[in-house]
């Protein structure tokens, strides 16, 4: 008699059935936190790459609050604005919900929702087809973020060497190469800076406070509070500049001149750390000779900074040695001479004896980790297509050159690229010269995007796969060797994935199974994967997942080193190479040489860009809370310049660049806090993604105006501070 | 004031009907509401810049309600009830009562009224002793007060709703606060005279009692409301002459008569009684009324008596026969006994106790019994399947807005209507 | 200030209160004329709408009472037993009970009141009820799965319609007023029909006057 | 009982708005509104001699809160520990208190249609936690504690290091949020964000100045009339009064 009447309950359209997750993306439950029982899950954040420790509160199956995890050794319970607002992205109604196959033309944005099986079968078939027709090297992989490691394994097993993250050629590539050439090792992330114990901090173009990495801000504020002197070199009066003892509003592109002048003052007045240099450095004589006539007066003409100020700051820095942090910066791809500039900053750090010293740059403490013994990856028949390792020998083959892959796809040289797999990278927002990227995409036979939000690039994809957010998935643990106390922090799902989304490891493993590559995925569950990695550390899986992070004894200073930590300076000479023989052999300047930058023609302004504390590039623009804090960006213009252009504060303008590219309308903010020849905008706005209903079309995109780049000869990195704009009154409809 | 001095008809102290029962009910309802709302309202305004009442008073009343939030909720609850009742009176009573009674007799100020007011005030100031002009059923003072009340009540109601449910932006709510306070103040100033003249002023004592019994002595009417007295006299003459045919029953005691009446009560009175009983059940025992639950317990008791083992082990009956808790110690079981008694008493009072069989005209008695038994089988089975019957699930479930109850009710009526067509032979 | 109602009675006071509540329940049922099968079934022939008027009226009165008292914080609505929703059993159970109602002439509650006032057919009806419950009890293990199906726990209309309880109560009251209006119309039209046409129908004698149940004597 | 106070070090503060985000997430403040806001002051001065700071504005839980007086229904009140709270069940959202706050620390929540404000995270304090903004501040620039407890951090910062209050000549109502700044930040804040004299919307002012006296007048007049009638009636006796 029991009738299995279909579950379509005509009576109960809106009621929440026990267990079934609600269809509409509900905003978090109201905030009467007191008294209501909450499940607490420790994990780490992915609103940016610092991955601070978080405690997510879950009430009746929904994340209602995210707080800092006090037991996280780096961030100790503190969290920036974006961390606090993470669950608003989890419940963003505009999220990608189901796999979609393109039905319209590329860029039209018409898709058909399909099941995961159908999507993965379709993708496996297309990848096999491309492998047979053009060879595995014809597929390029554009990863970003920690979740991409599973896909990286898949791509290597598939047989393509072509993988490139923007974090090299568009961000910190030149810095890592510059420091590696000097000290033998790249700096890595999180930057190992002992800001709290520093007695002098030098920021060159780095705008701490607007660029917020939680623990770096805490230590920066602590260092200043303990009396560290702050020198900020920035054409813009940034937040850091407002706290500086000396603000050097330098002419953009002349940093190397300033650095050389500082070296001149220090060496000529004998202020360098002689014992340290004698023990650990080579090439001091060539350096002394090289900087002999780079006097502050010479530098003053180039940098438009008073010579006295240059001399005064040089002496202040030297006086604080060795507790001096020359902040290496993070996004340093500006003028095309970026690696040499990083070399200069590294050399200056060496002169002050700050590397491996208290208050300076911390040494890395190695942390052992377990590995699955995977079968050897197939040897690709053709070398990398992006030039890393051959045209740019110093470029990292691990991280690759994204713009190199775009060029290969566009020109077909060295060989044609027919397929792109994009995981967590926003190619149209993070790579300059978006017209070239769009042209390259047009030539592709396969474009797959794995993402969380319907950003602009998904319009051009053949297949869009919705990934679960960091609150709904497992990712490999965050192992940090560059902190005073090295540690391992875990990410675990706080709630089950909403809609029909899947974690990255599941997508990669299911695709591998369909491609017959499951041998490279010898584990079934995330716990199995995590247990293997933490095997040599001797800590229990349960305890790690409960606390969220476990730290170990650190040996950050030279005097605390142990033999098993490896050589102090793994360079060719085993010492700090002030003079780089390797660069000489490769035909580059062994010592940094200053070359004057091209100034903006009259009536034009140099476009500078930077970060805002409440946004992570384009990633958080659709987050309800963060968009509420900063819905749009503005263009900073000096009052004199504004008067010259006949503009007033608050006026809406459109920016046009030297190649005629125009931005969306944006508001002018006149402020004396910027050089008259510059204009500044926060990066990440002006998106053209109709799927992001809250963020689409708000503010102006700096990336849309980066039509010209200065390629760094050493690393292939794309310097992007070389575009000039002029503001035109916007005739708003 | 024609023959006042010469002819003072001997009054047999007869009582004349002044107020319709609906007006009396409405008046005392209003009195209660105004008492409740004024006491809590004055206490609700706490900041010195707005307060009327002294601080000790505010604390006193807040203490009664425990928290200020409860006091506000009570104030809103009473206010809503007041608005609903006035609305119901207004809507249902408009044609028959309000248009004629209110507009013509309570508000219309004629020349006499104006003079009455003028003289009355001058008299107060001791500057005149002219005789007061004759007055209608309500004197000018009462008409003036009625006018202010009718003007102020909508303001108070609307501003109250705006404040309670935040209709409109903060500025509108801000002005609603001012309007509410001011309108109340206007009515209160009038209220003072109304209460004084009605309850305290010795001369108007009959008026006070007229609001309870509805009657006034003829002498009072003659001296205070001459024009109305003449109207009544004229009506009486007409009735005596047989021209009027409407008859107002002079029920001595309505209640007892209702009890003894042979016909059934009008459904709405029975519904009210049943509704209040149901509400009382919720309040006193936390659950609604029921019937089929009672039957099941009695059957369970029977089975436990006959075969305790079977009852304890049986998957269905076992959950009625737990150890330690007697089967019949249950609200529904006891209530069923009450139902029987209540039905008996009511039937006895109405003289409806008689052995008979209800049946359609074309159905022999024995067939009717068989049909009744078959109907019982279906009802018993259906009630248990639905876990309740028309009195249990439908009434109690309906009152608590349980979704299942409404599904159940719809299907009962659907089946009954459908069945009625099929079985029209046995009933029509 | 925790709400004073519902009370937590036990022992003697519980028994007395239960009996009293039952007494008034039975009393008002009989007053409404629900001891007469003719009047009850009249409802389904559109002749006498007292069943709808009394039931719906009682529901509205109790519902508004519950709403005001809980709004004023006097009653804690959370502690009130709200019948659970079992979608399919209540649907099927309703149909059976409706059929039993029209066939037998009574429902369990009115059956008792009728029996007590001397209606022999009501006695048979009650016997039938005990039989029906016994059959259900025996069949329940087999029907258990269906008996539990469509379970939604305590599910109220405000949750289903996603509206605040106050609004739903107001809507139910409106529906009730509408139903009463229909009832009045229907009854007055039936009386008109009764007066003019009833005599003229072929064969069947005129049905007895609705108000007084002078059914033919035994 | 405690006397809670907050100290914000504007030299350490980098204006990252973590406090605003944490507070809004903790108390479901709708986007576009805030209980605590980070307001930039500056840069002021001539290029390149410039000064700038961030003003972390919030409710100061003042010793003499003008907002409590402005609330007709007493929905907003000050507890013995100094925290000024709002009882949402009592607030009718009339908004009188919003302009009455010299520090603009109150807003009307469009979702709940009630006024909302910082309550020093009272619920978290009861659980033994610090307010959300203090816990999450990336620059460790916010300190919270009991000003009456001599060995509390806020006591040391206020009486030891001389944390300053943001007051203006017309408005001295004892705010309990103090600000530190080694580079003249509090002065910069006072320049741009000095507290404005408390005022209530026009409706409230009309009531206070015009309608309330009018109401008392009316009631007084009728009461007086009554009294006269009562006494004359007493003196002249009943018979005289034929109407």
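Odds and ends about this structure:
We just call them A, B, C and D in the order they show up, numbering each chain from 1.
Just so it is clear, contacts are C-beta pairs under 8 Å (C-beta built on N, C-alpha and C of every residue); 3 or more make two chains touch, one makes a residue touch a chain.
Keep in mind the model is a prediction, meaning the values are calculated, not measured.
Set side by side, the interfaces B-D and B-C show unequal numbers of C-beta pairs in contact, with more at B-C.
Among the other chains, C has the CA centre that is most remote from the centre of subunit D. Located most centrally within the structure is D, per distance between chain CA means and the overall CA mean.
Taking the mean of the C-alpha atoms as each chain's centre, subunit A and subunit B sit 72 Å apart.
Once the centre of each chain is set as its mean CA position, subunit B and subunit D turn out to be 46 Å apart.
Subunit A and subunit C have centres, each the mean of its CA atoms, that are 70 Å apart.
The mean-CA centres of subunit B and subunit C are about 22 angstrom from one another, to the nearest whole unit.
In subunit B, the residues that touch at least two other chains are 73, 403, 407. Multi-chain contact residues, meaning those touching two or more other chains, occur in subunit C at positions 87, 143, 152, 155, 159-160. Looking at subunit A, residues 11-12 sit in touch with two or more other chains. Within the complex formed with subunit D, the residues of subunit A that make contact are 28, 30-34, 65-68, 77-85, 87-88, 208-210, 212, 214, 217-218, 220-222, 224-225, 237, 239-243, 247, 249, 613-614, 624-629, 638, 671-673, 675. Within the complex formed with subunit A, the residues of subunit D that make contact are 9, 11-12, 14-18, 20-22, 24-28, 30-33, 42-48, 50-54, 123-124, 126-127, 132, 135-141, 183.
For subunit B in complex with subunit D, the residues that touch the partner chain are 44-50, 52, 68-69, 72-73, 124, 126, 131-132, 163-164, 166, 170-171, 173-178, 181-182, 185-186, 188-190, 192-193, 196, 200-203, 223-224. Interface of subunit D with subunit B (complex): residues 68-75, 87, 89-90, 92-96, 98, 108, 113-114, 200-201, 203-204, 206-208, 211-212, 214-215, 218-219, 221-223, 225-226, 228-230, 232-233, 238, 241-243.
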